[in-house]
Amino acid sequence: MSFFVTDIWVIPALPLLAFLLNILVLRPFFDLSNRDKGHAAEAAAAHGAQGHGANTAAGHDEAHGNVGDPEQHDIGHAEASPDDAYVRALDTLDGHIDTPAAIPRALRTAEKTPGGYALVQLVEDAEQHPHHPHGSPTIWARINGYMGILFMGLAFLWSLGLLVALMQNPALQRGETVPIYTWISVAGLRYPIDFYVDSLTAIMLVIVTAISLLVQFYSQAYIEGEEPRGYSRFFAWLSIFSLSMLLLVLSSNFLLIYMGWELVGLSSYLLIGFLAKDAAKPEAGRPSPGAAALKAFVVNRVGDFGFLIGILILFTATGTFVFTDIPARLGPINLALLTVAMILVFCGAVGKSAQFPLHVWLPDAMEGPTPVSALIHAAKMVAAGVYLVARTFPLFHLAGPQALTVVAYIGGFTAIFAASIALVQIDVKRILAYSTISQLGYMFVGLGVADTIGPGIFHLMTHAFFKALLFLGSGGVLLAVSMNQDMRKMGGLATRIPLVAFPFLLATLSISGFPFFAGFFSKDEIIAQTWEHGDYILYAMTLATAFLTAFYMFRLWFLTFGGKGGKFGGLWGGEYRGTVAVKKPDFRVWLPLMILAVPSVFAGFWGWSSVGGNFNAFITGHPLTPAFANPFTSPLTIFGVGASLLGIALAWGMYGLQVVPRNVFVSNPLGRGFATVLWNKYYIDEIYLAFVRYVVMGLSKVASFFIDRRIIDGIINGAGSGVVAFGRGLRRSESGRLQNYGAAIFGGTLVIAAVFFAVVYFGK
Amino acid sequence: MLLSLNSFLVLGALLFCIGLFGALSKRNAVSVLMGIEIMLNAVNITLVAFSSAFQKSAHGARLTGQIFAVFIITVAAAEASVALATIIAVYRRRNSVDVTDINLMKW
Amino acid sequence: MSWLLTILVFLPTVGALAVMVAPQGVVKWVAAVFTGVTFLLSFWLYIGPLVHMGFLGPLNNTGGFGTVMSPAWMDASPWIHFTVGSLQLNIDYRLGADGLSIFMLILNAMLSFLAVIGSWHIDKRPREYMALLLILETGVMGVFCAFDLYLFWLFWEVELIPMFLLIAIWGGRRREYAAWKFVLYTIFGSAFMLGGIFLIYFMLGGQTGIYSASFAFLASHQVAGNLLVGGAAISAQLAIFLLLYLGFAIKIPMVPFHTWLPDAHTEAPTAVSVLLAGILLKMGAYGLIRICIDFAPAGAHLFALPLAILGAVNILYGAGCSLVQQDMKRLIAYSSVSHMGFVILGVAAAVGPGATNAAFKEAALTGAAIQMFSHGAITGMLFFCVGVLYEKAHIRDIDVFGGLQARMPRLTWIYTFAAMASLGLPGLSGFVAEYLIYTSVYAIYPAQTIVAASAMIITAGYLLWMIKRSFYGPLNPHWSGIADASILEMAPLVMLGVVVLIVGIYPGWLVDLLRPSLHQIIQNVNGSVAGLHR
Amino acid sequence: MSITATDLWLLSPEIALTLLALLVLSLDFVVKRKAILSIVSILGLIAPAAFVTQIGLTGSRPLSGFYGMLRVDNYALFFDYLFLLIGAGVVLVSYDYVRLYLKNTGEFYALMLFSLVGAMMMASSSELITIYIALELTSFPLYIMAGMLRNSVPGDPGSASRSSEAGIKYVLLGAMSSAILLYGMALLYGSTGSTDLGEIATALTSIGHGPNSLVLLLADVFIFAGFGFKISAVPFHMWAPDIYEGAPTPGTLFFSVASKTAGFAALIRVFVDGGLVQTSSFYLWGLIAIAAILSMTLGNVVAIVQSDIKRMMAYSSIAQAGYILVGFAALAYRPGGASQAGNAAILVFLAIYVITNIGAFAGIIALANATGGERVRDFDGLVRRSPTLAVGMALCLLSLAGIPPLAGAVSKIIIFISAWQDGGLLPWLVIIALINSVISIAYYVGVVYRIFVSPPPREDRLRVSPALSVALGLSVVAIIATTIFIQPLLSAGGLGANDLVGFLGLTH
C-alpha cells in the first residue's frame, strides 16, 4: 500500500505544525515583540507612549519583559479621562474623515493630544468607510504567512500524490482505514480516532488543500490591506481551519467527523469575527463581525444538535462509530429508526451547508475577511455538509427512501429560494453568499436523487473552484475600491482591473452553466438526474434556479465590471460610480485568480465521458450513469443551456445594453411587494430573532427571576425569618416575674402529669 | 376513732396546694417564702403519714418517713435563712420586696 | 500504613498554623509553598502506583489503582470503638485513595495551589485569608480520601466554616446573605446525610451482625428489606439513598436546591469562587458516585428515573438561567448548575434500568466522573478570567464592557478558550465528558438525553454572547485605559488550559485511572439491580 | 452497728473537699493577697482527686457504705472527676473576675467548693434523703453566688441589682422546685415503703400492678420536675436565662456546668437505680422525649434572638440539656442493655459539654474584664482586637454547635447514635434533634460571624490575663484532643453506665 495512504496523518499534521509554530513560537516571541518597528504609526505610538510617561503600558511591559499586541501600546495614553479624549476625537474627525488624507493627519494629532490613543482607536473605527489600513505586518508576521503557505503547499502535494496513487490503484479507491489512536475505550465501547482514505477522501483532500493554498497565498495581500495587525493571527486561524477540515474529511467514524465538524465551527467563528473591532452597519444591513460569528456558531449548533442525536441513535443501536462497521452491526434495527437517524444526521449537513431553514448564518458570515468567505464557501465549511451526506451515503441507502427524498427536496427548495433572494441584493459578497447556498442546494439535489454520490461531489468540486475564484475576485474588487461592498458604488471596473476581471468573468460563465465550462457539466448533470428519476418538481425547481443563477450572476458582473458605455455592449468596462480611487491589486491577488480560472473552466471535462472523463467511476466505482455520458445527446441539456443563456441575455439586456427597463419587474405593485420580501430575505431573520427574544429569553427570565428569586428563595428566606419570628414570640414567655416562672413549673408539671396519666390509662 | 391514711394524704395535698397558691399569688417575697414553707410542711405531713402507716404494715418499724421529715424541717430552716438574707439584700437595693417589681431581667 | 494520605490531608493544616505565625511579609509565600508541596506530593498518588506496577501498567491492567475494596493507597488506624450494651459504634480513621479519589485529590491540590496564586493580590487580612484557604483544603482533601462513612461526614463539615468566613469577609456587596445561605443550606443537607449514615450503619449492622462504616464493608454488603415510615413501607435502600442524597444534591447543586450557588459564587472572591465551583461542588458529585450509588445501589435504581429527569432539568434550567444573567459571575454560576447536571444524568443512567447495556452504564459513569474533573478545571478558568477583569474594572456587568479585545487581547483569547471548553468543543476536556455521557446515556434514557443535548445550543449561545458583548465590537472608550492580564494572572489560566487540553486530546489515561473503581461500582449496581428484579 | 473505716474511706473525696473549703474560708481571714486563696483552692483539689483515684484504683466496685446510702461505683467516680475538673476550671476562670469585682474571694471559693461537695454527694448517694440533702447542699451556695455581686461592675451599672434579683429569683424558685421534688419523693416512699433506691427498685418490681399506678406516675413526674429544674429542661427552665444573666459570670459558668451535671447525675441515678425507668410505664420515655423536644426547640429558637451573651448561653445550655435528654429518652425507651449506651453517651456528652462551656465562659469573662461588655455585639471584630481570644472563643462556640473536628460534634454523634439504635420512634426524635442543631448554627456561628467579620467598635488590643488564657487554651486543646483521643473517655463512660445498669440487673 502506498505510503501516501499509510502516512496520511502527514496531511493534517502539516497545518497543525504551522499553527503551533505560529501561535506558540513566532507570534509571541518574534512578531509581537517586534511590532513597534512595524511602521510609522506604530513607531509613533510607541514613541507617544514614552512621551506621555505611559504609566500602565510601560511599567506593565517592563514588568514581565514582554510587549503585547500593538493594542497594548495604547494602554498608557488614556491618562486624561477617556471621555474628553472621545470628544476631542469627534472634533478632530469632524467633517473630513471620509477623505483618506485625513487619517494620517488625525493620527499625528492623536499622538500630540493626551489621551490621544482612544482617538487613534476611534479613527480606526471611523475608518471603515472607506477602509484605510495603517501599518504593515512585521517581517515575522510575514514569515508566519510564508510558513503557512509552505506547509499547506506540502499538504497539497501530498494529497495530489494520494490522488494519483489512488487513480493508479483502483483497489485503494474503495477505502482503507488508517488507525491513529484510541481516544477512549470503556467496557468494550471504543471511541476511535482513525482515518479513512478512499477516492472521495482523496478528491476532498485535493480540493481542500488546493483552495487553502491559494487562499493563503492570496491572503497575504488581502490581510495586509485590511487588518495588518492581525497578520500572524489570521494565518494561525487559517491553519487551524484547514486542520479541522482535514480531520473532518479524513475521519473514519462519527466521533472524529463530529470533532472536525465542531472544530470547523470554531475556526469559522474565529475567522468570521476576525475584524473584531468593527461595528455593525445597519444602513448597509450588515451586522458586526462579532455578531456574525456568534450567529454562525449558534445556528450551526442547532444543526449539530440534530447531527448528534442521529449519531446517538446509530451508536447506541450498533455500539460503533465506524461508518464501515455500522451497516453490518445494524442487524434487525427497524427501518423507521434508521431513517430518522439519517434525517437527523442530515440536519447537521443542513446547518453546516447553510440549507433552508438554517441558512441564515451564511450571508452574515460575509463579515469575515473575504479570503475567509472564499474558504468557507468554496472548500471548507459548506462543503462539509455535502461531504457528510456523501460519506454516510451507504447508510442513507439502507434507510427508508424518505431520507434521501428529504435531502433532495430541502436542497431543491433551498436552491431556488436562495437564488430568488440573490436577485435583489446590492452587496457583492452577499450575492455570492446566496449563490453558494443555492449551488449547495444543487449538490443536495444531486445526492438526493441520484443513487450515487457522483453528481453531487462533481458539482462540489467544480463549484469549489469557481466559487473560490468568484470570492477571491470580489476580494480583489474590494481591495481596489477600499472595502466598499456596495455595487451601486462600482461599475466599469473591468477596464480598470482587467487582471481580476478576466478570471472573474470566466467563473461567472462557469457558474451560470455556460456550455463547456465546468459548471455546465456538473450542474446540467444534476438537472438531468432529477428528470431521469422522474422528480419533475425538482426538475422544474433546478431548471428555474439555473435561469435565476445566470441572471443574478450576470447582474453582478454588469453592475461591478461592466455597465453603460462598456465595450461589447457594456460587457467590458463602463462608467465608474464610486468615489474612492481604484487601486491596482498586485500579483498576490491576481495570480491565484488566474490559477483558479483553469479548473473553473476545464474541470468539467473530467466528468465528460466523450473526452474520457471518468469522475463518477473514480468516485463511486460504478459504471457511468447515462446522463453523464454525453450532455449533447440528451434533449434535456437544451433546456438547461437555454435557461442559463436566457438568464445571461436578460441580465445583459437590463444592465449591459440597458434595452430592457430596469423596473420592468418592480413597476407593478405585486412585483414591488415581492421584491421587498426578497430584499428582506423573506423576513426569516426577523422571525428567528423574535422567537429567541420572546420565547427563549422569556422562559429563561421566568425561570431565573421568578422561580429562583421569588419561589425558591422565597421559601428559603421565609423559613429563616419564620424561625426568627418564632423566637421573638417565644422569648416573650420569659416575663421576668418569678411567680410566672413558678406557675410555669407547676403548670408544666401538672400538664405533663395529666397527659402522661391520660396516655397511660386511655392509651391502652 | 382513728383516721385512715388517705385523709392525711388528702390533707397533705390540700396543704401543698394552699402553699402553692400562696407562693404564686402573694406579692410580698416573705409571704412567698412562707407559702413555700407550707408546701414543705405538706410534704412532711405526707411523709409522716406514710411512715406511720408503714408502722402497721409489713415493712416493719422503720421511721424513715419521720427522719426524712426532720431533715426537711432542718433544711427548710437553712433555706429560709438564705432566702431571707437574699430578700434583705434586695430590700437594701430597692426598698421593696414586692416580687412583681423584681423584673429587671426579662426575655 | 503509608503516611502519604495523612500528610496530604494535614499538611495544609500545618500550613495554616505556619501562616498564622509567619511574619506579615511572607504569608503568601508560606501559603504558596505549602499548597505547592501538597500539589507535588499529590502527584505521587498517581505516579506511585504507576511505578509500582511498571509504567503503562494500569493502561492494560484493570487492577490499576484499585477499588474501594482494595484501594491503591490506604492509611488506617482504629479510632472509636464504643461497645456498650447493645450499641457497637466503630469509627475508624481510615483514609484511602483509589482511582476516583486520586484524581479528585490531585484536582483539589492543584486548584488550591492555583487559588493561592490567583489571590496574590489580596491585601485585606491576607493572613487569615490564606489560613482559611489552607484549612479548606484540608477539609476537602479529607472528604475525598475518607474511607469511613463517619469520618467522611466529619470532614464534610470541616469545609463549612472556612468557606463561610471566606465569603463573609472577602465577599462582595451581599456577602452576608450569601454566606448565611451557603452555610445553612449545607448544614441542612448534612443533617439529613447524618441521618442516612445512621440508618445504613445500623440496618447493615443489624442484618450482618458487623457494625462498621468502612467503605469496603459498606460496598460489599447491601441493606435489605423495607422500612416502615408512618405505616407506609418503603425500601430501606431507597430511604438511605434519599437521606444521603439530599446532602449531596444541595452541594452538587441540583435544582431546586441550587439557589445558594449563584449568590455564593457571585459574592465570593475570585479564588474562592474557583474553589467553590472546582472542588466543593465536586464533593457532592463524588459523594453521589462513591457513596450513594455504591452503598445503596438498589435504592439508587429505584430513584433512577426521577434522577435522570432532574439531571436533564438541571442542565436545561441552568443553561436557561445563564442566558439572562447580567453579571458574568452569576452567569458562570448558573452554567455550573447546568454542567453539574451532566453528572447527575450520567449517574442516573449508570443506575438506570436494563441489565444488558452494562457497557453504556459504565461509560455513563465514567463520563460523569470526567465531567467532575473537567468542569472543575474549566469553571476554574472562567472564574479566573472574570476575576482578572474584575480586578481591573471593578465591575462584572457584561453590558458595560465592549470591544475589550482591543485592549486585552490575552484575556480575550484565554477567555474564549475557556468558553469554548465550557461549551464542549472537541479537543477540550468538556467535550470528553459530555460526549461520553450523551453517547452512553442515550441508550438508557433517550428522552432525557435529547433534552440535555438541546442545552448545547443555549450553552453556546450564552457563553459566546457574553464574549461578544464584552470583547467584540468597537471599544467602549470608557475602558480605553484598561490593562491586559499580567503574567501572574495568566499563570493559573494557562496551567488549567494545558490540563483541559491534555484531557481533551487524550482522555484515555484518565479513563484508565478511573476504570477499576467505576467498574466495581457498576458491578455492584448491576448485581443488586438483578437481585431487585429477580 | 457503727460507721466503719471503709465508709469514711469511701467518703474521703467529699471529706477532703469539705476540709479544703473550710481551709479556704479560714485562710480568707488571715491572708491579704487573695491570689493565694485561688492557688490554694486549685491546688487543694489535688487531694480529693487523689482520693478518687485511689478509690478508683482499688479493685472491685460497686462499693457501698453507710448502709447503702453511699454508693461508690464507676458512675460516681466519673462524676467526681468531672466535678473536680469543674472546680479547677471555675477557679481558673474566676481568678481575675473575683479579684476585680467580688470583694469576698474566700467566700466565693468556699461556697463553690461546698457546692461541689454536694454535687459529688448527689452523684454517689443512693438514698432519697441523702440525695435531697446533697441537692440542697449543692443549691444553697449557688443561691448565694447568684446574688454575690454587691456593687456593680464598672461599665455596667445595675449589674449589682441584677445580681441580687437573680439571687432572690433563684432561691425562691429553687425552693419551690425542691418542694415538688420532695413531694415526688414522698409519693415514691409512700408507694414503695423505702427511701433506699435499691429497695425501691425491688419493691417496684414486686408490686404487681404497680408500675402504672397513679401515685407512681405522679412520683415520676414530680421527681422529674424537681431535677428538671436543676438541669433547666423546658418547662422548668424559666429561671435559667434570668439567673445566668444576673449572676456574676463565674457563677453563671458554675451554674451552667455544675448544677446541670449534678442534676443529671442524680436524675439518672434515681430513675435507673431506683428502677423507675425499668418498671414504670413505657410511656415514661414519652414524657422525657417531650421535654427533650421542647428544650431543644425553645432553647435554640430563642437563643437566636438574644442580645446578651450570657442569656444566649443560658438558652444554649437549655438546648444542650435537650440533647442530653434525647439520650435519656433512649435510656428510658428500652430499659436494659440498650439503655447503657444512652447512659454512657450522656456521660461523655456531659464531660465534653463541661470542657467546652468552661472555655466559652473563659472567653466571655475575658472580654468582659477587658471591655466590661457582655452583649453579643461586644464581640464585633474581636479578631482584630485579640486574635487568640477570638480564635479560642470561636472554637468553643463551634464545638457547642457541633462542627467537626471539634469534640462537640463527636459527642453529638455519639448521643444521637445511641438514641437512634434503639429504633422504634427514636430515630424521629433524632431527626428533630438534627434539625435543631441546624437551627443552633444560626446563633453560635452568628457570634463567630461577629467575631471575625463585623468591624470592631474601636481599634485596640485587648489584653487577656494569664489565668484566662490558660483556661481558654486548655479547654481548646482539650476540645481538639478529645476528638482524636476520645477512646479513653468513651470507655470511662461505658464503665460508669455499666455499673449503673449492672446494679439494676440485680433487681431483674
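When the chains are written out, they are named A, B, C and D in that same order, and each has its own residue count from 1.
Note that in this section a residue touches a chain if its C-beta (ideal position, glycine included) is under 8 Å from a C-beta of that chain, and two chains touch if they have at least 3 such contacts.
It should be emphasised that the depicted structure is a prediction, and the values quoted were computed from it without experimental measurement.
Each chain gets a centre from its C-alpha atoms; the one nearest the centre of all protein C-alpha atoms is C. Among the remaining chains, A is positioned farthest from subunit B, on the basis of C-alpha centroids. Subunit A and subunit C have Cα centroids separated by 37 Å. Centroid to centroid, with C-alpha atoms defining each point, subunit B and subunit D lie 26 Å apart. Centroids built from CA atoms put subunit C at 65 Å from subunit B.
Computed from the mean C-alpha positions, the centre of subunit C lies at a distance of 43 Å from the centre of subunit D.
Counting partners per residue, subunit C has 184 as the residues that reach two or more other chains.
Annotation for subunit A: residues touching 2 or more other chains are 731, 733-734, 736, 738, 742, 746.
Along subunit D, residues 168-169, 172, 176, 241-242, 442 each make contact with two or more other chains.
Under the contact rule stated at the top, the pairs of chains that touch are A-B, A-C, A-D, B-D, C-D. By the touch criterion given at the top, residues 56-57, 60, 63-64, 66, 68-69, 71-72, 74-75, 78-79, 82-83, 85-86, 115, 117-118, 121-122, 125, 181-189, 191, 255, 258-260, 262-263, 266, 269, 273, 276-280, 288-291, 293-294, 297-298, 301-302, 304-305, 308-309, 311-313, 315-316, 319, 696-697, 699-701, 703-705, 708, 712-713, 716, 720 of subunit A touch subunit C in their complex.
The part of subunit C that touches subunit A in the complex is made up of residues 180-181, 184-185, 256, 259, 262, 317, 320-321, 323-325, 334, 358-360, 362-363, 366, 403, 405-407, 409-410, 412, 420, 425-427, 431-432, 435-436, 438-440, 442-443, 446, 449-450, 453-454, 456-458, 460-461, 464-465, 468, 471-475, 477-484, 486-487, 506-508, 511, 515, 519, 522.
Interface of subunit D with subunit A (complex): residues 168-169, 172-173, 176-177, 180, 212, 214, 217-218, 220-222, 225, 229, 234-236, 238-239, 241-242, 281, 283-284, 286-287, 290-291, 298, 301-306, 439, 442. Across the interface of their complex, subunit B is touched by residues 128-129, 132-133, 136, 140, 143-144, 147, 158, 160-162, 164-169, 171-172, 175-176, 178-179, 182-183, 185-187, 189-190, 193-195, 241-242, 245-246 of subunit D.
Residues of subunit C that touch subunit D in their complex: 79-87, 89, 128, 150, 153-155, 157-158, 160-161, 164-165, 168-169, 176, 179, 183-184, 187-188, 191-192, 194-195, 198-199, 201-202.
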